[in-house]
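First comes the structure, then the notes that go with it.
Going by the order they are written in, the chains are A, B and C; count residues from 1 in each one.
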Amino acid sequence: MTSIAAARIDGWRRTFRDPALFTTVIVLWALLALFILFPLAKLLARTFLDGGQVTLANLAAILRDVNHRQAFWNSLLLAALVGLCGTWLGFVYAFAAVRANLSRAWITVLDAASLLPLISPPFTTAIAMIYSFGPRGLITYHLLGIKGFTVYGLHSTLFSETLTYFPIAYLTLKPILAGIDPNVEDMAFSLGSSRWRVFRTVTLPLTVPGLANAFLLLFAASLADFATPLILAGNSFPVLPTQAYLQITGLFDLKGGAVLSFVLLVPALVVYLLQRYWVSRKHYVTITGKVGAQTTIKSLAPWARAPLLGACLLLAGVILYFYVLLFYASAVVALGANHAWTWRHYQVIFTEGLKAIRDTLVIAGAGMPLGGLYGILLGYLVARKIFPGRQAMEIVSMINYALPGTIVGIAYLIAFNDPPIVLTGTALIIVACYVFRYSPTGIRATVALLQQIDPSIEEASQGLGAGSGTTFRRITLPLILPAFFAGLGVVFIRSMTAISATIFLVSINWTLITVRILENMTELSLGPAAAFSVLVVVIVFAVIVAISGLLRRFRTPGAVDMTSILGG
Amino acid sequence: MSAVGIRLEGISKRFAHRVKGEVYAVRDVSLTVQPAELLTLLGPSGCGKTTTLRMIAGFEQPDAGRVFIGEQDVTGLMANQRNIGFVFQNYALFPHLSVFENVAYGLRVQRQPEQEIARAAGDVLALVGLQGYDRQFPNQLSGGEQQRVALARAIVIRPRVLLFDEPLSNLDAKLRVHMRGELRELQQRLHITAVYVTHDQEEAMAISDRIAVMHQGQIVQEGTAESLYRHPGSEFVAQFIGRTNLLSGRVRSASPGEIELEVAGQHLRLPGDAVRATAGQIVRLVVRPEVIELRPADSPDGIPGTIVSRTFLGEKAEYQVRVGEDLLQVTSYNPVQRGLFTVGQPVRLHFPAEGIQLLPGGPA
Amino acid sequence: MPRFGSWLSRLSVPMVLGCTLGWAAAPAGAADTVNAYSIWPENWARPMFQEFEKATGIKVNFVRFSSGEALARVIHEKNNPQVDVLFGGPVETHAAGIKEGIFEPYKPPSFNVLPARFRHSEGQWVAIADDPLVFMSNIKFLKEHNLKPPASWGDLLDPAYKNMIQMADARTSGTAVTRIFSVLETYGRDEEKAFDYMKKLRPNVQLYTKSGGGGTLPVGLGQAGAGIFFIVDALDTKAKGYDVTISFPKEGIGTSAEAIALLKGAKNPELGKKLIDWAASPAMQSLYAKYKINFVPAHPDVKVEASLAEVLKGAKIFPIDDAFAGANRKRIVERWINEVLNPK
């Protein structure tokens, strides 16, 4: 008997002997099969099956279309550029925050500015961009006097997505830069290196895996972004997610949309696998022994500090400007025509838009505990328990997270409209979409937290006579509660702000604020669109503050930082 | 409750290893621990001692063999069904529970009445000297205090056996010596069977009734500290228990009751009952540093050597002496009165026959 | 605080289990509620439905989608209709729907009073309003470029408009479809000439918007110079205070009836019929003026509001033949996508 077979049999034996574990594994697999594998299978079937025959004709038809091919390359180009620009911006930002000896107040300003794009509904920067740039834009025309500036196209989509996603790079790189012991840099100085040389030969190389990671995260985020190009890309720069959306909602070509989203699936998976199995496995910083005594950081020349800080503040200023403009648009009668203050738009969203607000809160509220529980259960199982198919379970659980929302939305639309499982028109389909798409953050937080908690703590409980159910409830659960709250927080926030998947799933019975924002924008009700956006930002911000406060109260090892989790 | 023994019958545990494929962590280990005995599993890291302990506890399942606690075959039972007390290397205290709740945990799992829990937990905390610590949290305690909580938590459920996995290795040297005394005293007071895992031979010798030395997943020798020291069965045991010099010698003649050896050009006669040897055979000798006597170079006989280094430690002096190609360690007690040798000085070494053990088998 | 964590953990399990999914899976909808997809923007549809509820006690539960999106949904949901009525939208949308077999023919009491172009012969749909297309331009833009409001289709080809015109995207918007058929009619249904014109116009188009009115605000703000919109959207923009002017091409421009239809397999057919009865009658159409909705009423008994009549005076407006449009819509839209939107 080989050892692998022996281990497998041992795994089965243990699983069967532990009824709580056995039941949980079965239930989780059933859920994963229903809400991740089944829709994906339906999507693939729609792409590759025609009348029961396997065919490449659908794919070929789409790929033959030069516009779709163009959209594919455009998507990759945009994603690569956003990855580069966002990573660079994030690095500058992180470098300033960690290495410029800033006071707490400055860092708070930088953090706040970087948090805003992470918690905003889509379109917010896009809306502000439209009003700021263009032939009569507030900035291009009124401020700079440029005429005939075109706001639609690659450049503005790139600008908007970079601003929206660079905080991911910032949050990825900041801890890495902070983890580089200043003493290492001191060492290099003592060997006679110049500041630039230290930066080039010590600081930068230590950050390279982090930069690669940030790049891939941004690449994936941009690849999946559907809202920004919808508003800003215009007609000359089609990208895949938007094309797939228009193919389905406009042309009623579900098959075409399915095939387009399948085309998107390939680069998304490649990037995900690279990020997961290559970059994230590399050790960022080798810290041997204790971090030395705090030394003053000398890696930044005094003359360089001011321009660096200035650049960061400019960036923060642009972001803040966008949000001020958004608020302004929500509080005047008609931006650009009548700037009288009014609360009318807020009245509108709290009367006519009340259903959307209520639906969104109900869906987010329902998804929140379910997502939190699902996240810690699955995270706990894959991190701590030995059972057959453990690794497969982890991989499957990450699929919907790794795929662009458009794919997931279309897959759900195809899978749950016809018997055997009809869910269209229900809130369940939206809740399920959010739970299985955004809980992986909670899963990873749980796994990370459990890695800091010695397994012997659970063994101690077992040794004292507690079964696995009791141990989980009385020992593990309290210890991973921070991950639970972080996980449910992310599900809630994304439920409030996401649109790419669920735009396909809203119905007469259940609608969402983000979809209302899009509708309002296409209906030219900019005021209500802005008011909705402000409302979402306020709610999400309040939830983040509440959860961060909650997390600070735990006396458990490994505090989970709410904002940093949003970056993943 | 009277103490029960532990019996391991041919247990094995394999692990899948990325490079080597299938690796035995523990291989066909059989062992009996007498009731109320404290037996130590001693060995270097990776020798399988912790895996063996964890199989006794039920945290690991043996691939082969059986585990008995008392007369009960517990091989198929989970850890929570075995009624054991386990003390972890890192204590594994529940960080979110107070000291009292940590200790009360096992009683709560047993659904004991609240009064009984309060009484029993209070008694045990008093027993380990932690009265008044009830409301503290683990992160507010020193290492030694955490150790006592872990101990209290393990014994409060009146386990059938106590299992210790390197419980003192996270403490500083002084506290370690103090705590091992306390542990031993407590075990004897509770009259409970205990298995103790350590890689520290001094700790093992100080605390144990018996020691089982493990090497590469197997028990290579078991016995009292004294018997292991005096009669090591292998080079490994000889080197692991105490400091030692290993020398090769050739058997000149062997007759019942006496063996004549040639070691470094000197003839030695040893009582030969223990080892069967034939003339011409090469054997290994264990010579403890403290049995070697150094004499000035002009002494009539002994093996000639040269002092290479000297460490003066007050009550003793430790020398390294070059003999031929070997470096021997020699410990000389009461060196001030006996006279110190200096580095580079030629000396003669005397091996008293009664201080030398022969290892079986040929050269390693 | 000390046992905060364990206390929360005790609470969280029942909290989660308490969140059962039963309610989430249950679709909404009471007995006296009719469900509709509205193609009319919410700020016009809502007051109409509120008046309907006031008049009949029947509540209308609705979501707004642009016409292409609404049609796509209705077709997708054919086997499991989520709504009873498709409310509003240019009649080409409904004409395309007939081919898919998604409607239940129904003739409301006003049916026989309506002019022939405001009703489908079998009652697959009836019109509730008429909505001509117009040119709308930003006055400041015109002044800066010394232009007069465009008075012919050819005027829009002026290089001064380069990259400054917005109009709707035919993939999602019925406005765009009506516009394309207007051009076709203007060229006597000569597709080659019509597409030639549209291709020439392409460089002047800054953006094809997702919804019909999507370009009105940019034109109002001056972000775009001009556009082709339905008159309702154009007049609404003007009413909001934006500095725009409305003009008509001398060759004529199309108008599209706004229609309503009952869906096959509707879960509340009787309520849906009541909504159609009401919408097709003066009861609703006489309310347009009150709510400043600048549709031209379809029912002959309802007078066109004075200021709207003033705008329309002298304009050459022709109806789009819905049979022709319905039969050719898919082909024409695809041609438009391939030759105009994404020229090879």
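The rule we apply is simple: a residue touches a chain if its C-beta (ideal position, glycine included) is under 8 Å from a C-beta of that chain, and two chains touch if they have at least 3 such contacts.
Keep in mind that this is a model prediction, so the values were computed, not measured.
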| item | value |
| --- | --- |
| Innermost chain, where centres are averages of C-alpha coordinates | A |
| Comparison of A-C and A-B (more C-beta pairs in contact) | A-C |
| Centre-of-Cα separation between chain C and chain B, whole angstrom | 87 |
| Whole-Å separation of chain centres (CA-atom averages), chain A against chain B | 54 |
| Centre-of-Cα separation between chain C and chain A, whole angstrom | 35 |
| Shared interface positions of chain A, touching two or more other chains | 474, 478-479, 554-556 |
| Residues of chain C whose C-beta touches two or more other chains | 2, 5-6 |
| Set of chain B residues in contact with two or more other chains | 96, 137 |
| Chain B-touching residues of chain A, taken from the complex the two chains share | 2-4, 6-7, 10, 13-14, 17-18, 454, 456-457, 459-467, 470, 474-475, 478-479, 554-557 |
| For the chain B and chain A complex, residues of the former touching the latter | 14-16, 21-22, 57-59, 61, 63, 78-81, 83-86, 88-90, 92-96, 105-106, 109-110, 137, 139, 153-154, 157 |
| Residue ranges of chain A touching chain C (in the complex, touch as defined) | 66-67, 70, 130-131, 134-137, 141, 148, 150-152, 230, 234-235, 238, 246, 248-252, 254, 333-338, 352, 362-363, 366, 369-370, 372-373, 413, 417-418, 422-428, 431, 473-474, 477-479, 481, 484, 506-511, 519, 522-526, 553-556 |
| Residue ranges of chain C in contact with chain A within the complex | 1-2, 4-6, 8-9, 12-13, 15-16, 19, 21, 24-29, 35-37, 41-43, 46, 61-66, 68-69, 71-73, 75-77, 79-80, 82-83, 163-164, 169, 171-172, 205-211, 213-214, 216-218, 220-225, 233, 237, 240-243, 333, 337-338, 341-342, 344 |
